[in-house]
Amino acid sequence: MHIPDGYLSPSTCVTMYALASAGWYSAIKRTKRLLATRTIPLIAMFAAFSFVVMMFNLPLPGGTTGHAVGVTIAAIVLGPAGAIVSISIALFLQALFFGDGGITTFGANCVNMAIVGSLVAFAAYRLIARSSSSPSRRVFAAGVAGYFAINVSALLTAFEFGIQPLLFHDAHGTPLYAPYGLQIAIPAMMVGHLTVAGFAEAFLSAGMLSFFQRTERALLDKGPISAASTVVSPDINRLWLALGLLTLLTPLGVLATGTAWGEWRPSELAARMDAGSSHASIPSGIAKLSGIWTAPFPAYAPPFVRSPVFGYLLSASFVVGILLLSSLLIKSVAGRRDSRDLVS
Amino acid sequence: MPPLFELQDVSFDYDGVPALSRLNLQIERGQQIVLLGANGSGKSTLLRLLNALCFPSLGSVRFEGNLLTRESSQRDEFMLTFRRRTALVFQNPDAQLFNPTVFEEIAFGPLQMQWSEAEVTRRVNETMDLMGISHLRGRPPYRLSGGEKKRVALASVLVLDPEVLLLDEPTATLDPRTQSQFIDLVQGWRDTSKTVITATHQLDIVEDIARSALVMEAGTVVASGSTSEILMNSELLLKTNLIHAHRHSHNGIVHSHPHSHRHSHQH
Amino acid sequence: MSRNSFLFSTIRSFNDAVARSLVSERLSTAPYLLQQFDPRVRLISIFLLILATVFCRRLSILTFVFALSVMLAIASHVSVWSLVKRVWVIVFVFTGLIALPALFTTSGEILVHFPGSLSITRQGLRTALMLVLRVETTATLTTTLVLCTAWNRLLRGLRSLGIPSELIVIAAMTHRYIFLLIETANQMFESRVSRTVGVLGWRQERSITTQSAAVLLSKSMDLSHEVYLAMLARGFRGDIRLLGEQRLRVWDCLGLISIGALAALVIWVGR
């Protein structure tokens, strides 16, 4: 799932870095606030585990690579904030020392694996384990949460990968960055993760939780996140809210056009865009989309704001927003149902 | 003048498993004591209690009359001085090597004491010269041998010039030469005002490093006295599992008597 | 024999990882090109060049940047052979594998036609080349930086650039722990392998793996707790203080400005 430099366009990288920064900022604030200083070596330990786990990966043609991450057990033991820091650090070391994942794409990799991965794993674990104190139920929850989290991360990665040829190509239709559209990227990534990597993460998470239940009860009972866990941190809430709001900015007209994502072929799109908006054979949906997007902006707004490409980018954020809002929903539903800390 | 350390009725358990029970102890300034006990007798726990790294479930630990509790560990000024004046060397040197290079490792303590960088650098260089590890300054910890790691671990606490040294199994895993270097170091402290408490189960170095000894078993002190006295009490040593007796042979003669496996003698 | 050889190759790849970081010790103190500059300048320069690579849209300019990064590596005494071994072959295989289908799936002007409606297009070729070249260039740049800079200087440089101390300490500790984990895992693997005679059955191997994993985990958690205590014992109270970096010299500023200008030029010409 690591995306190397060169697969994502600069604008995608910037967007992802912005999202990642929001995630890092709230995670760091939260871990500082807990000031359970024993978390420093603990976070480092989980980062080291994650690093080693991620070293075992398989290339997926049409996508990037498939592997387990270790994010689920980190999220369960350290809480989502601690896990975000932990996995991000593992990814940082991998990018630097082993060229696994690029520097410009570091933001994207962190969003996919560390941030979204942690949040989804944590939320799913909470939902499935509920307030049950049955250890086997929680081990099961860890497994399922791991499987789900890895696949969500993979889907997100596939999405970022797959929109590249759509949006970033030169005048001749050559994709400049990742060359596969969603119709290839999504199956390529998902097959590997739905069948292998997801289960690897599931077994890893379940196995490690079962180990910790037997030998490190203190860590789970009085660990770093037990202090204020049932109360969802305001920072993380704000993060989700902000991302959720992004969906409101998205021109829903994309869906209104009725054109399925996968049916757009880059060269066709490129040719048509280049021919100018007056070309008769532009798909009507796209023309409609351009209209929806550019109309509200007055003539003095900078050109990039008026471009349909910007609109497409925001549609991408729609997907991200949906995923995160679902997690938020899951979490608040789980939160309402139980009044005690789940991880003990 | 209150004793340096005073423990009254101290009990401590890890998750319900008792490690220390009803321990009473007084340690005076300048004493150099060895804590004898087999593994699991509670020596490490005692050292950590003395260094305020954990707190008793029952009873009290006092340093110069001040109670060492979770609450008092929140008082910044008190703790800053306490941490500078007391030092603990862990059994596993890897626990004390978490910085990227040797220099930075030794500099960690002084930096947390808020000393100026110039002062920190000076002290670190001095300490490295003292321990003979200046050539290791830029080395990362994973490129150090066992003996070098121990020396760096020692240096990392000595740089603060502590008055109290708590040493947990300092000679475990050391080769004979490094071991004798360590003994020289401890003997160098003998006539200073440093208080040195060494926990070990290695009987052969005990007489070299301390004049008085405490024997621990199952979380309490079962005997105390001068080291030579204790060492001659084979019954006690046998009972506390510091020596053992089984059939063995040397020079072709098979016999059995209490011994520890680090000695040689003629029959 | 194949099962044991999986164990052996795992051991070997771990050892490889350890060996890798060792080389940087020798190179980072040698008086070559990149080593002349302050680590912060090195960090920013490499980052700017990577940025230029990613912004570049023209194959010709991209090739120029690649050549530039190779020259930078050589001038800093990174051997071409080690680049080939460590970076180029792996990237070529991995990225090549991923990019290969693009030759055929990208629609456009057909260059080579295969029977069965498969064809390589000009656009496909360009895409694949650009992708591979971009990844090779950025990987070369990153590897050069890491090989020429001691890990602790890199961390200190990041600290001076504004990354919070806590993260720096966690990163340093993680780096340390990785090698500890690898060493311990190595020791456990080697002792197990040397104690088993003949091929291991599936069940045995799995139970060995789980047992070893459990022991490894146990030791690691204990160590983590002890490190926390050791930090406390030496005065750590939540706000970590680290050593700072020296001031930048004229030489450093000049280097930074020239690289900045170069990167801007590349982006401009290659847009």
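Remarks
By written order: A, B and C. Residues from 1 in each chain.
The rule we apply is simple: contacts are C-beta pairs under 8 Å (C-beta built on N, C-alpha and C of every residue); 3 or more make two chains touch, one makes a residue touch a chain.
Computed from a predicted structure; not experimentally measured.
Comparing chain pairs B-C and A-C by the number of C-beta pairs in contact, the larger count belongs to A-C. Of all chains, the one whose CA centroid is most distant from that of subunit C is B.
Subunit B has its Cα centroid 49 Å from the Cα centroid of subunit A. Centre-to-centre separation of subunit B and subunit C, using mean CA positions: 41 Å.
The distance from the centre of subunit A to the centre of subunit C, each centre being the mean of the chain's C-alpha atoms, comes to 22 Å.
In subunit A, the positions touching at least two other chains are 41.
Touching two or more other chains at once are residues 21, 173, 175-176, 180, 223, 227, 231-232, 236-237 of subunit C. Multi-chain contact residues of subunit B (touching two or more other chains) are listed as 98. For subunit A in complex with subunit C, the residues that touch the partner chain are 4-10, 13, 28, 31-32, 35, 37-38, 40-45, 47-49, 51-52, 55, 59-65, 85-86, 89-90, 92-93, 95-99, 102-104, 165, 170, 172-180, 184, 207-208, 211, 215-216, 219, 265-268. Considering their complex, residues 13, 17, 20-21, 47, 50-51, 53-55, 57, 87, 90-91, 94-95, 97-102, 105-109, 122-124, 126-128, 130-131, 133-135, 137-139, 142-143, 145-146, 154, 164, 166-167, 169-171, 173-178, 180-182, 185, 210, 213-214, 217-218, 220-221, 223-225, 227-228, 231-232, 236-238 of subunit C touch subunit A.
Against subunit B, in their complex, subunit C makes its touches with residues 18, 21-22, 25, 29, 150-152, 155, 172-173, 175-176, 179-180, 183, 223, 226-227, 229-237, 240-244.
Interface residues of subunit B facing subunit C in the complex, by the touch rule stated above, are 48, 51, 53, 76, 79-80, 83-84, 87-88, 90, 92, 94-101, 104, 107-109, 111-114, 117, 120, 138, 140-143, 156-157, 160.
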